[in-house]
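Think of it as A, B, C and D in the order they're written, each chain with its own count starting at 1.
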Amino acid sequence: MVSGVLDYLWLVPAFPLLGVILNGVLALIAERPFLLKEAGLPPPGGSHGHPSRGNSHATEAPGSHGSGASGPHSAPVYRNVVAFLAPGAVGASFVVALLCVLSLAARPPEGRTFVQILFPWIQSGSFLAPVGFQLDPLSSVMALVVTGVGFLIHVYSVGYMSHERAFARYFVYLNLFMFAMLMLVLANNYLLMFVGWEGVGLCSYLLIGYWYEKQSASDAGKKAFIVNRIGDFGFLLGVFLIFWTFGSVSFTDVFARIPLLRDSGVLTAGMATAITLLLFLGATGKSAQIPLYVWLPDAMEGPTPVSALIHAATMVTAGVYMVARSSALFLLSPDAMSVVAVIGAATAIFSATIGICQTDIKRVLAYSTVSQLGYMFLACGVGAFAAGIFHLMTHAFFKALLFLGSGSVIHALSGEQDMRKMGGVRRYLPVTFVTMFAATLAISGIPGLSGFFSKDEILWQSFSSPHGSPALWFVGALAAGITAFYMFRLVFLTFYGGSRMDPEVEKHVHESPWTMTVPLSILAVLSVAGGWVGIPASLGGDNRFEEWLAPVFRSVAAAGAHGAATGAHPSVSLEFGLMGISVGVALAGIGIAYFLYRLRTSKPAEIARRVPALYDLVYHKYYVDEIYEWAVVRRVVDGSVWLWQMFDALFIDGIVNGIADGVRSAGDRVRRLQAGIVGGYAFSLLAGAVLLVGYILYRSMVP
Amino acid sequence: MEALFFILFGAIAVGGAVMVVTRRHPMVSALYLILTLFAVAALFVLRHAHFLAAIQVIIYAGAVVVLFIFVIMLINVPESRLPVERATIVRVAGVIAAGLLILESAVLARRFAMPKAPVSGVGTVEAVGRALFTDYLLAFEVTSVLLLAAVIGAIALSNKKL
Amino acid sequence: MTGVPLLDQHLLSVLIGLPLVGAAALLFLPREGHRTIRNVTFLFTLAEFLLSLLVVARFESGTAAMQLVESVPWIPRYGIGYIVGVDGISLWLLMLTTFIMPITILSAYSSVQKHVKEFMVFMLILATAMVGVFVATDLFLFYVFWEMVLIPMYFLIGVWGGERRIYAAIKFFLYTFVGSVLMLVAILALYFHHYAVTGTYTTDLVKLYSLTIPVKMQFWLFAAFFLAFAFKVPMFPFHTWLPDAHTEAPTAGSVILAAVLLKMGTYGFLRFAMALFPVAASDFTPLIVTLAVIGILYGALVAMVQKDVKRLVAYSSVAHLGFVMLGLFALNLQGIEGGILQMINHGVSTGALFLVVGIIYERRHTRLISEFGGLSRVLPVFAFCFMVITLSSIGLPGTNGFVGEFLIMLGAFRTHMWHTAVAATGVIFAAVYMLWMFQRVMYGKVTQEENLRLEDMNGREVAYMLPLLLLVFWIGVYPQPFLRRMDASVAAFVTRFEAQKQAALRGSPAGETMLVRYFDSGK
Amino acid sequence: MIEPPAYLLLSAILFGIGVVGVVARRNILIILMSVEVMLNGVNVAFVAVGSYLGDATGGIFAFMVMTVAAAEAAVGLALLIALYRIRETIDITELKVLKW
């Protein structure tokens, strides 16, 4: 029976959770003695050849973690167990997910929604949020991407992290992340989704701050968590509104009740706008959109596989997934759709321009990620949810590959991340180079590769959909050109030209072990071929991907006001024209990159000198971090200090202690009556008696 | 007849009391105190409180005042070191207040209505004894505890190692 | 002898009495035998906890009535009775009290070295008083226990506290005492009102519930109760005793203070102030909700800039209790259940936080954040516990904090949408101050030489931390056992609240509330 | 026939004289004796009123007062002796350590 396999859906998140527990026990029991032994030792100075960690300050960080103390040769047994357990858990969950999806696919399209309720989680009055999973075409795409890419990155991590002291701790976090992410994508209600939503934020925090001894790393982790929490605040309020509007938080209930509530006037457009904008605030936090994107570039402080998994392929796309999941709600509110589209487009172009001037290889990729996420939101904003998810998937392949490739480079170059100190690495790292080049072609939108199909679908929809406009298309196309430019800039600076490497570093450059290159190769294949499931009809394909997702978004279209998700193409020739333009723009971007970084390598510096203000502005990321720091962080901290010292200590406690002091000083005065002279006391006693008897007398005379 | 005795003993009591508070040497005061106590005992007899009159003489005059005299002789303050009385504001005011108190009480006492049929015999040994060992038994027993406490207190206080 | 049924009949009294018996037993132990004294105290508190499990076992979740009731006339002439009972509102607070006691006693094994015997005696007296507060259903009895809590706590702070312990102890005592004196006046007023209406004197809470109190009288009585409980909670702006008391109290004192004593205030609101005076409670709701929201933000902001870990946690309590108050005054099922659950959660997480702080304080004798840094490297187990508790405190889903805060805000969102929206930003600030503190204490490099030599948590410390961690996840993942036992009582509370309110409003001349009339006359 | 007010008047006068002694004298011994005078004044009232009302309670009260007076005298004099040993004075104005 097909549903027999689906009954084991809960195993998909359960395997990583098991991995968390087992690895956690190992981390606390087996790994702790090693760490403590090391902690007693003074940190050895200087780095000697262990390219152990990806951080931007190679000269200070690697050595300070005691990299010499534990190499793979001296690895204790537990490390092997962890190295097997952690990827194994994710692999198992991938297999289960795959089987479940296959059995789901065997069902007729309308019946492709499977809900499994495990137990009630929070129940209070009419409110019920169960722990339940929902597998439908949308979540199955996500589940496969998450477990599949996640598995590859786990394998890669075994190699990449092999020199780390806290090996088990890393995999605990990574497995925990997989668990949280799977809860997010498989949840059957908004609240459980929120569990995964915050859970991945936590793992992101933990993994960014993995090298917690480094101030910048723990700062970045904290920043990521807090900025995400700002988004979560919106998400949470959105959930409240959903519950009090729909009376449920489960996806199926909410979407099923839309027509009824809309017709009865309970669900107004204003309410829909409020709900969706709050949810979208959550999405901007998680998916690093304006104005909450600032945490993602800093998140590159984490180990590179983490950047690949969390900050490129999976977690940051959760916002897109959530918007797509809530598409029925978003379609009720044209205003919200416009906001999503505009924010997406603005983020795409804004961060793409920042990417031009970055010199840190991972930061280029980080801004690229922000930009690509903007693309996905653009797609959602114009109603092309399927296209957004499609791009989400292809992006997961090629961006994970790009990060892993850059990780491989960094690994080979002893932790060097500055592209100005690379060059000509192609010779040493052939596999890395080839795979990364494929990914670069894919992201640039070269026809035939995965990125082309998904990106082109988005651009076409942003032009042709009822929610779209030529302006959105133009911004998108421009961003595509810039993307092609900075990606090839990255490739040229890193792999081509003469070596600018530190001679000391150059001696140790080596290709990475198989645990790293095999995932690279698999991802390269996916980057190239991953788009072939969604070749549009105009190019002779049948867009099977969109068809697969259609049940999710078709019911949306039926429920929503506008059925634009899979609108018929108005004109094939127009589509071809636009496709040609976007390919042309991409090629132009590549051409400019080739010109500037291969032919006239002195030109970039010259340009920078010619427009110093502009260059400075872009180089410093438009000073957004500084503005936030000045306008928000400092205000809040100063205000809090004021509240504490002036309001709390001076004002409130002033009143409290003032009362106390008043009583005390009054007592001090009254005390003088108690002079200690007995005669005085006797006299007051007597006076009291006289007054008392006088009073009695008075009362007896005056009735 | 009763009026005559009342005026006589009342005058003795008041006179003795005045002497008690005005004499410089405590020994003289103590002797006048005995006079006052006897006069009060006589007044008790006038009101048919024979038992009380008896213990007034036995306990008060016989024990308490003797105790006073004993202490006066024990510490034997030389004449020169007796406190010198001086009129301070508090003292003068105190005397005036005391006078006021007497006045007030006198006015109050005049307004005091009372059945005119004095019942004789309520202060006899039998009556007091009956009351004491029936209705007021608990109070009586508590009195003994009080006295015991006083004894212990007195002993403890006069301990040299205080 | 039918042992078990007898025990059942007097279960609550046994729970009240057992610690006192323990305290009496301690008197017969030699004062030098610290080990014996500690063990005996621990055994008594453990027995207390195990016995209290029997309460849960006997508890019927389907009914809203008081259960395990014992009612004995105490001062019959004045209608005062010894009446105890539990319902869904007090059950978990009782359990929290008995649960936290053995843990604090274990933590005091090492942290209290002077006057061990007296310390333990005070702890046991405190346990009796706290249990009494939560099970008393007679106003007079409640008041007795309520005041009885003050005395041992006063000594715990004043004798075993930090440098400014005397100041803190007196401040704590006076602050809360002022409130409770007002409450006493209100109790008397209520008592005489009951006599005036029915002709009998009683302090039985259940009988008083059915009393319809005139609107104007409700206003003043609620105001008095409000002050008493608001001081205790503490609500902004009556909170300034809390940071001082928490900071100066010994670890065990801080834990008890945070876990149980503060809950007496919120519990008092629910059980007495709101239940007895529904009209006034409704009138006060805007004020209280506003103060609660201010407290949430204020506590969070001020916590953020503290330099002393304990002060930080104390201010975070102000914020957390703000959430509880917000939930209670949402006046619907979700809000109140969330509020009660959050009382438990706060007891668990903040109690655990104080234990965590206590652990490093014992080793370094400082609470200043700047004295630490990089401890993760030296103390991995400690880091793990601290992390879990931090996450619980900031309300991460999957931990207990989330369930409570979520239900609170869900409930409050319905009745006070904008207040709740503002309060929700408190969740952000919670992350800011907790993570910032965690970063400064645990992350970075070890900067102080002494910190390198710190020892990780020992077996005893793990033993008392573990139950707390388990509870963090249990409530976070499967809160149903807790919520289900509240359902009937809270639902009945909400229903009765509305009914009483309507009845009282019918009784008042114009059917209008006090505040409305006040403002109308002001115009 | 003596009216009860006469006894009460006498009682008030005795009491007042005792009060004067207490407030106006410095010699502790005399103060103590003045207290005895005051107590006697009270006793007169008790006994007189008791006998007029025909109630033994008045007498009982007087009895109690005497007991208290005896106790008071004993403790008071003991205190005086203890004090005299330490301070070598029986002047009440010199005793003013009862303050802070």
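Here, contacts are C-beta pairs under 8 Å (C-beta built on N, C-alpha and C of every residue); 3 or more make two chains touch, one makes a residue touch a chain.
The structure presented is a predicted model; accordingly, all values stated were derived computationally and were not measured.
Peer 1: Check every other chain and keep only those touching both chain C and chain D; list them.
Peer 2: Intersection of chain C and chain D contact lists gives A.
Peer 1: Which chain wins if you rank chains by how close their C-alpha centre is to the centre of all protein C-alpha atoms?
Peer 2: C
Peer 1: Per the centroid of Cα atoms for each chain, what is the distance between chain B and chain C, given in Å?
Peer 2: The computed centroid separation for chain B versus chain C comes out at 61 Å.
Peer 1: Just give me the whole-number Å value for how far the CA centre of chain A lies from that of chain D.
Peer 2: Chain A and chain D have C-alpha centres separated by 91 Å.
Peer 1: How many Å are there between the centre of chain A and the centre of chain B, using C-alpha atoms for each centre?
Peer 2: Taking the mean C-alpha position of each chain, the two centres sit 96 Å apart.
Peer 1: Where the centres are mean C-alpha positions, what is the separation of chain B from chain D, in Å?
Peer 2: Distance between chain centres: 6 Å.
Peer 1: Mind pulling the residue numbers of chain D that touch at least two other chains?
Peer 2: Correct list: 19, 23, 26, 92-93.
Peer 1: Scan chain C for residues touching two or more other chains and write them down.
Peer 2: none
Peer 1: If you look at chain A, which of its residues touch at least two other chains?
Peer 2: Chain A, residues with two or more chain partners: 679, 682-683, 686.
Peer 1: What are the touching chain pairs in this one?
Peer 2: According to the stated criterion, the contacting chain pairs are A-B, A-C, A-D, B-D.
Peer 1: Note which residues of chain A are touching chain C in the complex, please.
Peer 2: Within the complex, chain A contacts chain C at residues 28, 32, 35-36, 39-40, 64, 119-125, 127, 191, 194-195, 197-199, 202, 205, 209, 212-213, 215, 218-219, 222, 225-226, 229-230, 232-233, 236-237, 240-241, 243-244, 636-637, 639-641, 643-644, 648, 652-653, 656, 660.
Peer 1: Taking the complex as given, what residues does chain C use to touch chain A?
Peer 2: The touching residues are 171, 174-175, 237, 239-241, 298, 301-302, 304-306, 332-334, 337-338, 374, 376-378, 380-381, 384, 391, 396-398, 402-403, 406-407, 409-410, 413-414, 420-421, 424-425, 427-428, 431-432, 435-436, 439, 442-445, 452, 456, 477-480, 483-484, 487, 491.
Peer 1: Using the touch rule from the top, collect the residues of chain B that touch chain A in their complex.
Peer 2: For chain B paired with chain A, touching residues are 88, 90-91, 93-94, 97-98, 100-101, 104-105, 107-108, 111.
Peer 1: Which residues of chain A touch chain B in the complex?
Peer 2: 679-680, 682-683, 686-687, 689-690, 693-694, 696-697, 700
Peer 1: State the interface residues of chain B toward chain D in the complex, per the touch definition above.
Peer 2: Interface residues on the chain B side: 2-3, 6, 10, 13-14, 17-18, 20-21, 23, 26, 29-30, 33, 36-37, 40, 43-44, 46-49, 51-52, 55-56, 59-60, 63-65, 67-68, 71-72, 74-75, 77, 81-85, 90-91, 94-95, 97-99, 101-102, 105-106, 108-110, 112, 114-120, 122-123, 127-128, 130-132, 136, 139, 143, 146-147, 149-151, 153-155, 157-158, 160, 162.
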